[in-house]
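Same chain, two partners: chain A is paired with chain B first, then with chain C.
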Partner chain A sequence: MAHDDHDPLNHPEVRVASGRAYAAAFLIAMALMTVSLYVARHPAVAPHPMLVLSGVAAFVVAVQLLLLLKLDFSSTQIWTSVTFALAFPLFVIAVGLSLWMFHSLDARTMLMGLMR
Partner chain B sequence: MATPSGGMDVAADGLWEAHYHHDAIATRTLGFWLYMLSDAMIFAGLFAAYGVLSHHYNAAGGPTLHTLVQPLSAYGETLAVFASVLAYGGAMVALKNHSRTGVLFGLGAAFILGAVFLGLELRDFAQLFQAGIYPQDSGYLSAFFALVMTHGLHMVFGLLWMAVLFVQVATQGFTDKTVYRLLNLKLFWHFQAILWVLIFTFVDMRGVL
Partner chain C sequence: MVNVQGPWSPLIGRLSLGAIPDNPIIAGAFLFSAVLGVVILGYLTFGHKWGYLWREWLTTVDHKKIGVMYILIGLVMLFRGFIDAVMMRTQQVLADGPHSPGFLGAAHGYLLPYHFDQIYSAHGTIMILFAATPILVGLMNIIVPLQIGARDMAFPYLNALGLWLTAVGAALIMLSLFLGDFSHAGWVGLTPLTEMAYSPGVGVDYWIWAIQIASVGTTLGAANLIATIIKMRAPGMTWSRLPIFTWTSLSTNIIALTSFPVLGVALGLLGADRYFGTHFFTAGLGGNLMLYADLFWIWGHPEVYFVILPAFGMMSEIIPTFAEKPLFGYATMVAASFAIAGVSWSVWLHHFFTMGAGPSVNTFFSIATMIVGIPTGVKVFNWAFTVYHGRSRFETPMLWAVGALFMLLLGGLTGMMLAMPPINYSVHNSVFVVAHFHTMLMVVIYGIMGAVAYWFPKVFGFKLDEPLGKRFFWFFTAGTIMVFIPMYTSGFMGMTRRLDYIANPALLPFEIAEEIGIGLYVVSVYYFVRQLFVSVRDRASHRVGADAWGSARTLEWLTPSPVPFYNYAVTPRVHARDELVWRREQGLEAATAAHYEDILMPKNTPVPLVIGAFAMTLGFGLVWRIWWLTDASFLGIILTVIARSFVRDTDYVVRAGEVRKIEQGLRGNTPGTGGDGTQGGVGVWRPQESGS
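This part shows the complex of A and B:
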């Protein structure tokens, strides 16, 4: 690390800040959340509204990870990116498997069917 | 810690230290980032519980979000969170430009917008409670309140942290400690915006559908 003068403001993680990226992240995220609101209130505009909402959310999260948290392969950010890539599957597996297990349970048990 | 010469050559180790000294800021931010990733697993559990318990069977005949959700209020909360994150980004740019006034201004704006978010959320909760809808009424409502309130609690702690940092930056300026704390709070605050996208989509908008 080449910040021998010990000024913490010369640290690469301080230098990585970018007003343009933060503004772009805000505008993109806000615009797409507006789209989500519209789709949710007018579900007829899309054949599978929940799929559209999920796709929009995934895209906004990706934009925020790239523009706000600056996940990339630079020497400053590489470990932030690697640890995220390793932790992300845990999140998906924890949520995804729970939903899948209970969904199949719901489909196969009589109790749930009788409640309908 | 292992040394490049294996501890055999003191002069070489000194040279190594002088050129590649321990990077305290990077160590702290990576450590905090690992905490944020494990904190996300709390939300994974809560999202899984909400996903499972949002089956109408678990509403126990009581209300589901479809009857409760106020889409415009949720949208207003989204705007407040994103604007607060943007203001915090402004503080980060000011930090890069050595502007203490800019950092304080950005922190202050982020704090106010975060407080607006909490105000809107508390108003929503108050309306639900007034309508006689409580967390203990059904498994569905427990999962809903647990998820949304956990996020709200994160926002509360973020605001507390922001207030403390505001005072520290104002009194101590930019030291190693205040700088890594500002960077850690940036990770924390921006992470809350990401979680809010998931809550807005999979709780509020899914409720509208």
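This part shows the complex of A and C:
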């Protein structure tokens, strides 16, 4: 419905827009993308490239949740806390189970051969 | 940028006269669409309806009208997907056995394999993403704010934007029929078939961008509905009083919000392969083609529950109304909805058990899948106990709801079978699977048809014709049985899916039975159209009051039918879970407000439509690789969004006196007094912006 007449700029505890946080999130995400691209191009630099990439991905997710979406465990906004908490199991399910499945798949199929 | 086969020019990209298909079937479809389009345009022009269309519909931010438009898009696409189904059934019954005849240049049947592939791909994409999803989103749009006592959605402007992005996706698919071709790689987009090397045409690009653009709309709509349910509830509407349909809407939109972005990523990476020449999903060169299947189904399975949960909610509203009893097990119903939503994130691998993952992986996902049966079983028993010792009236919505129960039983049990990897290995990719998921989607369709009949009088002020509605139901049910029982059987006999030619003549009897079934569906569609026509024609005699069914229970039946644009003249205070029942028992259901207050309403805006138009040219430019058009459209979207952010004057006030006048007019418009007869009272929908 229609917004009320309060100026959101007067309420920093519910403000989500922040130029500084957006710029930081963008730069960090770019840096992590570069790292992951380098690891993907040269898997030999890391002992377990897939785990390293997943870790970097988790880091990117954390940066986006914290700096772009402004989710945290602050007590002023219970729903952002709930959303923030939900992100963890979802990440573990989506990325963790996928990794497990592909690990199992690679041992049993010629998929990895196809990739080369 | 990837070099494309065939001619390309900077001005018109890959477009050429050769993009217009020369096929008599498509020509017939074009003629039909063109005539229909001319008739509609002529009516709008000579009936002087353009202004009305612009003011009341195209620029509206009213959640009810947006919902109606969502449902209209969904019904048009449902019809298109149904025609695809008729064509597939007819092809398979004609092309069975080596001696089957061939027509129109086909060796068997009347469709060339490439054309047949496009039809089943379009059928799946349309039915799930552009028929079921928009109709459900539309129903949630209309009903949820009414059920929680809100004036509109939390973000009315965003709501309109979601609608127009969905419309763009549907329009792109329709355009692919007459300009270029559609994807031939199945609705799931089988990799690496969707890669440039194997699908060099524009078909896969149409598929990518139609889904991508529409899914942005669905994601925005999900965020909007969640915010609405959390923040916009009327005083007294505590969580334990929230109607079940609103609960299922909340759970379903949480799934949508968390899963649709995965689809966006999967299609985005596929798009990068096709446009930039990357190798995410290619066969070879470092690509992992199973990663696409994994990502697609991480979205795809939650999407299945995204469409089924609102249907469960609709059944949970319809059954208590017509059993004249409170819903059995409210708390377990809510818990079951969220349990289904929660489990939906961890079952996606059952779509590719046969891919070759190890036994422990398959076992994990098999058990997770079977766990879904527990909350679903809870729901089925709750509905059964609701009907038990009730006074059931089998009006059309109740028929659909009970029919949905039977479909759920059949689909659920076959789903349990498919959840077991050994069975899955033997029937994978067979039409048994196709019959299973169609039975499950029938639960959705039955729920939708029941909900449309149930809430139609709330939105339009008159009931749909009962006798014709019942005929529609029974022919539809007969068609469902005749199509899908033989399909299960032929699946057991080893018939694989997506066949344009069936080599085994022993399957012919089943194909004939299915063709008869689709004929019954055609009859049911006739009765549906006739029902709409007759109901609108005789609307004066079908007029209803606030409580259209006489035994409704939830808050939305408190406000007049059709609902005035501000929903509730005074924000209602909620006292009980079944608020209307509570008020009826207190003798308060006809009580009116002692005094009215000014109402703040959002203003109409053409901005979402403009952004939609830019999204359409963006999608078109991307499909045909017209880079100047894509750049200009993208810039247009950004500039429009920025320009809109400077608009401060987005609301207007409806004065208390005006509200009083409208409310008095509405009370004079009840069936007892005969009503004013104008469009079934739809006139009260007009937003009165004079107060701004």
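The rule is short, and it goes like this: the second predicted complex is superposed on the first by the 64 of 116 C-alpha atoms of A that agree within 3 Å, B and C clash if a C-alpha of one lies under 4 Å from a C-alpha of the other, contacts with A are read in each partner's own complex, and residues count from 1 in each chain.
Simple rule for what comes next: a contact is a pair of C-beta atoms (placed from the backbone, for glycine too) under 8 Å apart; a residue touches a chain by one contact, two chains touch by 3 or more.
Nothing here was measured: the structure is a model prediction, and the numbers come from that model.
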item	value
Contacts of A:Ala44 with chain B and chain C, given as first, second, both or neither	neither
First (chain B), second (chain C), both or neither touched by A:Ala107	second
Which superposed partner A:Trp79 touches (first chain B, second chain C, both, neither)	both
Which superposed partner A:Met30 touches (first chain B, second chain C, both, neither)	first
Contacts of A:Ser54 with chain B and chain C, given as first, second, both or neither	first
Partner chain(s) touched by A:Gly19 [first = chain B, second = chain C, both, neither]	first
Touched partner set for A:Leu90, first chain B, second chain C, both or neither	both
Partner chain(s) touched by A:Ser98 [first = chain B, second = chain C, both, neither]	both
Shared chain A contacts, counted only where both chain B and chain C touch the same residue	1, 79, 90, 94, 98, 102, 115
Of chain C, residues touching chain A in the complex	150-154, 156, 230, 232, 258, 262, 283-284, 286-291, 294, 298, 345-346, 349, 355-358, 360-361, 364, 600-602, 650-651
Residues of chain B touching chain A in the complex	20-21, 23, 25-26, 29-30, 33-34, 37-38, 40-41, 43-45, 47-49, 51-52, 55-57, 71, 75, 78-79, 82-83, 85-86, 89-90, 92-93, 95-96, 98, 174-176, 179-180, 183, 187, 190-191, 193-194, 197-198, 200-202, 205-206, 208-209
Touch list for chain A against partner chain B, complex	1, 6, 8-9, 11, 13-15, 17-19, 21-23, 25-26, 29-30, 33-34, 36-37, 39-41, 43, 49-50, 53-54, 56-57, 60-61, 64-65, 68-69, 76, 79-80, 83-84, 87, 90-91, 94-95, 98-99, 102, 106, 112, 115
Chain C contact footprint on chain A (complex, rising order)	1-3, 79, 86, 90, 93-94, 97-98, 100-102, 104-105, 107-109, 111, 114-116
